[in-house]
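Okay, so subunit A shows up in both of these, paired with subunit B first and subunit C after.
Let's turn to the complex of A and B:
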């Protein structure tokens, strides 16, 4: 194939069971891939864990200097926050824009476009499957952190039950917005600076760095206009037992709203992006 | 040793000529560095809005650590990482064979080939941050302190180089070393805070396993008048030891390398 200038056809009306079967296949592929590289995965886990451990140590130090609590969090609650953080992080891991860049640069996308399913759908299946080995790799680390930092986590039963839902929705919010970011690669090769800006915004306004309520007031206001807090802060707070039923309902609605917005936006931009795309090779 | 510097000069000139073709990258680098700097300063401000000192370091002193951290990551990013990446790619692609046939020390060759010129922006920013921090601290640094700082910085760079080289020799056995480099990169991030705040098990790791402590905290200690001669001496022995070990491991890896090209 030399050039795919044809816009991709709309999805043929796939039945729900087709769709689920496709997710299963993509998911299984992810699981098999991940289980191959056990050592590499452990290193990746350390790479992911070191970040919250640094934050946790910093805030533990501050909190202890201030007599045991800072900004409404006790030392043990900080520990709980960052340990749940690690689980949420495993779950909201999504396809980085760099992979998207690679996929276009290497000509992979050309082949993917020929499939009768939208690449977005395949990615969803893949990343859902990816969660299973990731959570398995996470478990020993989570237990270790729990023993080392002795967190205080006391959710009610209903909060525990809603947590998986919030977690799943958090994944979708982050996944879709990373995908939106990936679409930038259709227009420009020099994307690193844009990606970096995105990650800085996420760091500051998602609760990834520090619980949002500890951030200065201006940051909290800004965060309300961005999708980021629904990918870290909200699910963490749910399991930490700090979200009341009303806030929980609004939170889930906000997650759904951002997911819908992100999805519609992707569909809209995708049509433009694909017109822009000229494939070489494969 | 002298040959090594000559080679470094030669390769640097080529790298600089090459990088000069892409001047827009300079502005992108400035943008990214400014972004990183701003984020770091915001984080520090949030922390110090709740406390006066962190593990015995004041805001200005922590700024000094951050300056050293910036400087050091600029050095590593400009001089060490590009070379190590190129080396690992060479092993994967089978190009290393061509380097081994050259009549120069292979370790020197793979270590001096690349210079990511624009990353040196971080070195400049680091120096500026450090200067501002030192004025804020308001304490006159003596010549002795400045000298100790320079020595500590140099030794820190050698220590980091040795550790990264040791890690990269894993490329001789396994082709997937990307995760390892990512891991080292993120552990290095721990260095933007004084290692004294970390719990014992982590502090030991950050001192001897991935020696962020020597690379960032020790030079910063030199400037803020906390460095004891004992620590400096120990740093020296540790540097020599690591440089020696990394060379041994490099040779051991080379012996295991079977070549991959035609």
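Let's turn to the complex of A and C:
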């Protein structure tokens, strides 16, 4: 640097194009980060696969024992359900609320609050980028499961085309609700019990444990009032080819409604959370 | 009130903290009845900092330095008082202000540990909307100045503490802030790196007329950078003025560290030379008044087989301790 005085250059106001660039750079950062941890990612992939493979084995066994069908699913459709499950799971992975806790505790959030962009926006870019290596890591596993379990998946072309949209919206629903849950960390440090309750509800009412249509009627009714089924069950059913155009339209609208609700809720609670955070310190 | 500098008037921050006595009984009672107490971390402080000034903000741990810096950067809501940074109320956290300030906390990392710093810088560019050409120029200039070439391409977790702090500093200044809040930026960093960071801060200040508020426990940082210091203790300001005035006034003593060759087990009476702070075999640390220091030094050299002798000002912590011990004198 020369000794001559140079006034600080004013930065231009942020535009939509700047925001999109920011998403892309944050996403790129996530990819760089993921590529560094190849072994950890492989182990994570194995961990992720254990859960659906158990469900798959249990339900295909039950189905075969009951003459080849349970709750409207054939054995091969169960296989299809849980194989698509693994892809949906990879895609809707989001920052867990424990990461939120870590972020506050380590002072990372304080650093993020000093930046002229909402941390949610950086997270969106980051987690969108995060999907790319995750889906690439998933591919060999998906192919292996496909060859082993011979699933029955019969989507129409339009269902195949809509599936990425439903998948992306599923990610946003889950991502935003993880954020909502993470905001609890602003008020209390002992958040594990709340998180566990959330994950149990998700397991039961998302179609993660078992397809919702196999669940009792009351559980399906309860699930209709919760966001969970739009994060797992709905996109899986779309690619399985089990959703008619009308249900598909309503499903996409429901996803958008939950995304809007989640976003507005975060913006509302965020102000209070920040006020609380800045009142007590990090 | 200056719209380009920092204005603080009667600034107060009170924390409400839970309080509980030790033991099982107290734990059971606290289940039903929570007790809290109020801690006045910052208690009605007032100061103004003009654009381009570098001010040392000194005080012991818990004095209220970090709380003040956090209020100035908008990370804490003040309980009461007036506050303005570049004409903005920091707690509103407006984009216009956030784009023009930075806060570096030596004990907190802002860089992503898992990826090279250069990739984190790219994210900062996108977040702050820095034009690519301007960004590349500033980044490369700062990397060269901090001698970080090569290091910024390694994952941050593989850097030493000093290297990491230099990388943090570059990241914190990429958007060319006009106001720098530096909280212990050289903590844990070796002497050479400290010197480099000081030069960096100094040059940034000269080049951009940036305002700097710096806390540090290292006298060398404060001496090299700050003409003016504000001393804070128990949340109140004890001294606000020239560093020279503070050192001259409260550092009326000198520290002599004397090393001698082995005297066949005969230990001389070092107390005759001054107040013995530390006695080790063949090495003694003495405290003498500034006026007597030359004579004592001469006597030591004449009387003893001296192998090494250093004359130092007491550490800044000690000077500040003196300031704390005599608040009435300051008030005069």
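Methods note: the second predicted complex is superposed on the first by the 264 of 282 C-alpha atoms of A that agree within 3 Å, B and C clash if a C-alpha of one lies under 4 Å from a C-alpha of the other, contacts with A are read in each partner's own complex, and residues count from 1 in each chain.
Just so we're on the same page, a residue touches a chain if its C-beta (ideal position, glycine included) is under 8 Å from a C-beta of that chain, and two chains touch if they have at least 3 such contacts.
Owing to the predicted nature of the structure, the values given are computational and were not obtained by experimental measurement.
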Partner chain in contact with A:62 - subunit B first, subunit C second, else both or neither: first
First (subunit B), second (subunit C), both or neither touched by A:224: neither
Subunit B versus subunit C as contact partner of A:154, first or second or both or neither: neither
Subunit A: partner with more touched residues, subunit B or subunit C: C
A:29 touches, of subunit B and subunit C: first, second, both or neither? second
Which of subunit B and subunit C A:214 touches, first, second, both or neither: first
Where subunit A meets both subunit C and subunit B, residue numbers: 37
Contact set on subunit A toward subunit B in their complex: 37, 39-41, 43-44, 46-48, 50-51, 53-54, 57-58, 61-62, 65-66, 70-71, 148, 190, 192-193, 196-197, 200, 203-204, 209-210, 214-216
Subunit A partner contacts - residues on subunit B that touch it in the complex: 24, 28, 31-32, 35-36, 38-39, 42-43, 46-47, 49-51, 53-55, 174, 176, 178-180, 182-183, 185-187, 189-190, 193, 197-199, 201-202
Sites on subunit A touched by subunit C in the complex: 1-9, 11-15, 18, 21-22, 24-26, 28-29, 32-33, 36-37, 106-108, 110-111, 113-117, 122, 274-275, 278-282
Of all residues in subunit C, those that touch subunit A in their complex: 15-16, 67, 70, 73-77, 91, 93, 95, 98-103, 105, 108, 110, 112, 114-115, 119-120, 122-131, 134, 141, 145, 155, 175-178, 203-204, 206-210
